[in-house]
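Each structure below appears as structure tokens.
Next come two complexes built around chain A: one with chain B, the other with chain C.
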Partner chain A sequence: MRAIPAFGHRLCRSLLLQPKTSHLRCTPCRRGSQRTLSTPYYDPQDFTRDRTTTIHRSLYEHPEDYTDEAEYPAIEPIKKTPAWVRFTREKQGRELARKPLQEKMMYFRFAPRDKNVHEAQEKWEHRRRFWKPFEIRGYPDIYHLTPMYQYLTKTAIVSDELPADYYAYLGDAELTAILDKIREPVRAAILAESEFFAHNTEAVSSDADMVVQAQSVIDATTRAIDLAVARSDYPHLHELQRDLETKCAAFWKRSGFRDEEQHEFTLDRDGMEMKLQYVEDGHVFRLFRHEQPLPPVVPRISSLVNPSILPAPVEDSALATQPTATEPESTVIDVPLENFCPSTRGFEDKQYLPHWIPGFWFGDPCEFSTLSLTVPRNFAAVADRLGEEAAFENLAASAIIGGFGRVVAQAMYLGFTILNELTYPIVTQSIFTNGRDWVFSTYQGNTIALWKQDSDNPLRNLAWITKPMALFEHVEDGQVVGLNDEVLKHIVRQYLKAPSAAHGLNLRPYIGEPAPITSYWKEEGRSRVPFYHRQERADGKPRQPYKPEI
Partner chain B sequence: MVHFSGVLRTRHRAVYHYKRQWRLLVEKQKLGGPIVPQAYLDAGVKIINAAAEQKELENAIEGHFDWKPDHPMFRPAVGDGPENPRYNEIPARIFRRGTQLAEGLEQAQVLTKTVVVKGVPPVWEYAANQIKSLRFEDEDERGRRCVMQSVRWDPSDLELPKRVMKYGHLYPKYWGITLQKANDLICQNLLRLTELTFSGNPQILTRHLAKNALVNVTYEPARPTDSRIVFNCNNALMLTDTQQLPAFFTPEQVNLTKETKLPSLYPLKPTLNLDEVQVYDWETAYPFLEGFKHAMPHTIFVQHNSAEEWTLAQKQSKALIHSHATLAALARRLYGADVGVLPRPLSIQCVLADRGRHFTFYAYQLNTLDMADQEGVKNQAWVDTDSSTAVVDDVIVTTDLPYTLFSLADQMEGLMGYQMYTEKQSVQRYPIRLLNTYNPAVMEKLLTLYATHLHLGHHHQQQQPQGQRPADGLNPPPLTEKHVARRAVA
Partner chain C sequence: MATKTYPLWRPGNPQLRIFLPDFYMKLVKPERTLPPHIVQFEVDIRMSDTDVKNYLTKIYDVPVVDVRTVVKQGQYFRHPLGHELREPYKRVAFVTLEKNAKFSFPNLFPAIAQQEKKREETQFNDMMEQAKVQRQRHWDRAGAPTWFSA
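Our next item is the complex of A and B:
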């Protein structure tokens, strides 16, 4: 048995706390009898000021400091209440509205009021570790995602048909004429690389073959339409900018989640909003963009959940002339009421900076995507694992999240943010295919302010998503059997839908119209520092600074 | 009196001693094998060494079930040896992706037995006049946007090749738009713009576009001392039609090639820089199945995406060999594997897209596949390049240059990537790279090549001068004196 020291282990056995050196110091308040190391500070004025004169500070001598009526600071709600969240969000939105894109993105990355560089750096380090939104990938192999995606994007599925009035611009005779011209090239494209489809008809066996097949059919179809239609009939075709194998990303916040232990990093602590980052890389095969938006399918007003909440429909007066083609409510699959936490479905949070990519980087004048053609590379694997039916349902879910993600991202480029609500609906179209089966979707984004409680925000987004349709049955003896004209009609209708903005509609109310590009010489557009020249990559790691060789 | 409450620590707890004893026992067994209590031995209990059993099970587990799924991860890597299904006993010299012919165009001429003529074939001159009224008013703007997309607006964030590789030094990596991606964007989007210019024309509905069209052509050695030659070419884009292209040279001009000499590479062999391999395909491969209607080649796009520096002639050799191989594979299909001089020449047009920036154009005509003999009828090609003229010491020097689609404004032209800023303050250190010049000639050439074999006058209600239009696709208008003179010089 070892003897322990009597002193040092515990200074005093009767004390529970270990006394520290600070306890031995004198009290902060110096007593008169105590000595100090330095001379205490005395205000020299104390001894020299003439106490007989007073300092005049009156209305007559300083009139600029007084007003006729008293002005009080704004009354702020009590902190950490829903009213306070609304108040601060609106205030932040007002601060944010006129800022260039770079600063808007920085705003969502850093806390707003950090003036000090070092403080911001510290906060940044902290956020890099603890600020983790849920990562939502484009086409995951998870069952029955549609209701969850509907909730996260606040989307109602209007119908399993495309809106007929919206695509009534193309007459039957004209459509038939186009189909007669494109049928042969499409057949040729199916046959040209049809070794895969010739060998097998039903089961999807190989990912790579399926993807190549689907991509070549997509390219052949859009190209055939390009060649078939007369140049003067569709002048917008050559104005479309086309992206090849591009990527999309969008960040937003969704309300309606409770504060729980597991949501420590994924919930915004102020308003209890779920942070979500949609990331799509490698699936979007072709994306077409134009300078003008597609016309709205239905007026924004008609997509209300509860019309009584909205005060007055002022903003849509320009759009009220659009044909109203609301489906009967019975077919509408509304936004589900219960919230779905992504973690319960296998989604994980990841260290992402919030970033927005609508298929291109800032600077391109064609900012409205009209049509995306997507080949999910992992379709065969998902169909293998979940079954074909679930894989097809996943396509519908992808149409929802892809459409919404693209709307949010391009709204960001247009000057809106999740704190600056859309002023007009943004419509985009998506096509999903594995080469043989095609899903068509038209998405109308009415609201991106999903951080608001549903009771405060009457708007919802709308989606029209078709059931999967087979372009052909199979290939037999070098012949395509059962080429489905309906599928071709859908492709033609969506591809040829011309963008047009309503007259007098300000597309960029927060930042103003971009100046037309007169030359590409030293014109950076609206922001001095373009955001894609940022120092960090999407995962928050720093890029290497560029050093010239010369 | 001493308080023991603070004293009773680790070594006074019973758990410590149990753990210690157990550890001692384990270590003892490790050294001397399992210690079986005497009571068990007395009772006659059968002792099984669990560790040995486990070892046996693990060794035999392959026999119980196949745990390796059919996945490339678990397949043994296929080497270049006899185990490779594409292995051949006889080695061959192969021209494949990345093969750089040191002697450039001349070497390609010898390899493909081709006579090269600098300039533009007459059909292109004719077509160039035809397309003038067709061009979009905003064509330049669209082209500029395609360029900006390929250098700037595309969001791809791929790893770029390192510019400096030095042993023992770590140089930074850059991410951005790779040369391959930029080239794809330029080629495909400019081709789309070209096709939209002609849209509505019923003649172009028969044209088919294939991507990554792979061609494989093989040649037996001419002499026993020579080696097999394989051309393995990947055409990035291949535009095909139902009908063959008209010939670019008249039969008289084809006959004239008998008297033309091919360039001499002596003392070098023409197979210089062709890799000697034993893993190759000895079958002729054409990208389309037999019986496919749209299999006649019209124009191929050959891409050059190498980050290394090649001379113009070396890039041109690539285009020449790609054109030749594509036609040769077709000729073997049409006329049989052992065809010599073709009964009817085959033609193809070629666009060489060098990193999406520099373009050169070719019109190739395959007259013969008799490659063993360097004499007799030869193949022919028009090579269309831009040129610059300079006066050096009172001598006019003309240099061939590719058509440059665009140039960028600052010094960092070579890198497709980001401009970076200082880390401390977000003030840009280098000027942002932007488009300086845009050359509409490239788009004009693409339109011209696309218009070959199209009869535009009738469809677009254009008045065309009589006598210029070819009566038949097979008989292009005769060469002018200028062309003959050029050819003679070449």
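Our next item is the complex of A and C:
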């Protein structure tokens, strides 16, 4: 027979019911069947307080509670409105401004809402499933990308030639003298790698051959220019850092995309901005860096010209037909409104931690890249799939995204973030080549705060990108046919462009004095002797001496 | 089916000759706004990118530059008898035309749209009529809010 427990199902014999949490509540509203374990709370002064006299709170009784000038708290906009997004982002930017780089990066990685980074980091494992920026590759096999990349980076293409004034520092005579010296080494480099081109001038048989050929031509050209010019004329050549095979990565947010309600994970839900992660790996062959930035091509304010912000044109036809002097041609240049979702073009959202890689480690003094030389390894594959013309057009697209990505990544290391806007334009030059055809570009980054609506941010980035130019036609009988001097001139001009910052310009306004180095053990709470070395136990009593048992 | 087996496209010559294709392609309205030079189709799940391209270029002479296809999962739904079923998977083809081409999805049923508009108009007119009748019936309470009256 099974033994029945005497009061196993009850906590207390005197209680007929199993006690619940509701029994512990000292609420005045108890049911009749409920029994409480504790006395309900009564206010002891409830009956004894004298309510016949009033409590005075006037200026005369308490003058210390009043001021002449009233101070009101800041008026915050209504939540989830564009004004509120702007307000909070500016506040976050102010908080971020003086933080070190690592904390800035952590801030973007782990939910800005969380004050405590470590707590947020714990949540990350859960959140990363819902944090999916679009992966933007430098040279993808997607047709007609230029307008879309222009919109993603808010870049206006100024012209299909390099800015003449910017490269006017080199006189014709000097340029010709340099060309005479470098022509032979370049020709020799082409011939040395001409095995492929000698056999087949039209088709591209192997990607690897083409890449190696392009790389050796690049190296030979830069080496020849180094040897051709006097170092005293171009002292910055001494100071350049030369990188091999660098990466580039940048994260930013872009506003104004269509079909917002359809994007769950790729949008920032606060401001409805698209999260974008640019990743470039294995294509950038050479990167040259310097301590000083390149001078701006045009002043930053000139890119302010935005037709949508300018006053509406006059309706009167008689006035409209008259040409006015205050209407330059440059006002026509604007960013195309290609705000379709990147997924419609074949881009994928991926679980990326937002990261920024400018191509060098933090702490390197040379933080401004002057020139990058890129050999896209998949050029032949893209040309095979989309045709050569589209492949060349994609080179222009990758010049845009590469230039902007490098500017954002550099700016991050210089102390700017997407919430702390650039204070001066950052210029980079880039060259894209498959060995025979070359595309040159000069990119001026004016703004990285693309999370703002276009109506709020009149600044735009500017790009000068050339059409593809052939360095030579083909190789025949051990001779290079049709060596193009124009291409060599462009290389020399971009390579020898001297970086120089304007006098008195603060290059890192958001990076303050470094914190004084203190000893680890001098910090708060570190100097305590660990418990196992202390003379006393945690309860304050002396430790028991060790006694041998025998 | 015009052929017994699926006519897989292979590079090289001689090519297979197809006089009547086994598949059809359905032009669908995209959920997300597409650029004007990209068109969305629902195709047979067995069709490859090359098949789609050949279909459009050979039969309709469409200037296709690039084709990208994705397989869309079928949604689960409950059968009226109680058991769960899944819709068949679909293949969606995004066809890229030349960059100057412009395509906008046609209005397939203009008559229906017209009917809808007409129906709304008549509804609105009826409501106005009813309101007029009510106003005439309660002429003595003109201008008073309905809280005071029916």
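Here, the second predicted complex is superposed on the first by the 403 of 550 C-alpha atoms of A that agree within 3 Å, B and C clash if a C-alpha of one lies under 4 Å from a C-alpha of the other, contacts with A are read in each partner's own complex, and residues count from 1 in each chain.
Criterion: contacts are C-beta pairs under 8 Å (C-beta built on N, C-alpha and C of every residue); 3 or more make two chains touch, one makes a residue touch a chain.
None of these values were measured; they are calculated from a predicted model.
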**First, second, both or neither for A:144, with chain B first and chain C second** = second
**Message:** Tell me the contact category for A:185 with respect to chain B and chain C: first, second, both or neither.
**Reply:** first
**Message:** Tell me the contact category for A:363 with respect to chain B and chain C: first, second, both or neither.
**Reply:** first
**Touching partner for A:340 - first (chain B), second (chain C), both, neither** = second
**Prompt:** Once the shared chain is lined up, is A:478 touching chain B (first), chain C (second), both, or neither of them?
**Reply:** first
**Asked** First (chain B), second (chain C), both or neither: which does A:258 touch?
**Response** second
**Request:** Would you check which partner chain A:224 touches, where first means chain B only, second means chain C only, and both and neither mean what they say?
**Result:** first
**Message:** After the superposition on A, what does A:216 contact: first (chain B), second (chain C), both or neither?
**Reply:** first
**Prompt:** Given the superposition on chain A, which partner contacts more residues in chain A: chain B or chain C?
**Reply:** B
**Item:** chain A-touching residues of chain C, taken from the complex the two chains share
**Value:** 30-35, 37-38, 65-66, 68, 94, 96, 99
**Message:** Residue numbers of chain B touching chain A in their complex, please.
**Reply:** 3, 6-7, 136, 138, 142, 144-145, 148-149, 152-157, 163, 172-175, 181, 184-185, 188-189, 192-193, 195-202, 204-205, 207-211, 288-289, 291-294, 409, 411-412, 417-423, 426, 428-432, 434-436
**Item:** chain A residues within the chain B interface of the complex
**Value:** 1, 4, 9-10, 13, 181, 184-185, 188-189, 191-192, 195, 216, 219-220, 223-224, 226-233, 237-239, 241-247, 357, 359-361, 363-366, 478, 520-524, 529-530, 532-533, 535, 537-538, 542-550
**Item:** Footprint of chain C on chain A - complex, ascending
**Value:** 142-144, 258-259, 262, 338, 340-341, 343-346, 385-387, 390
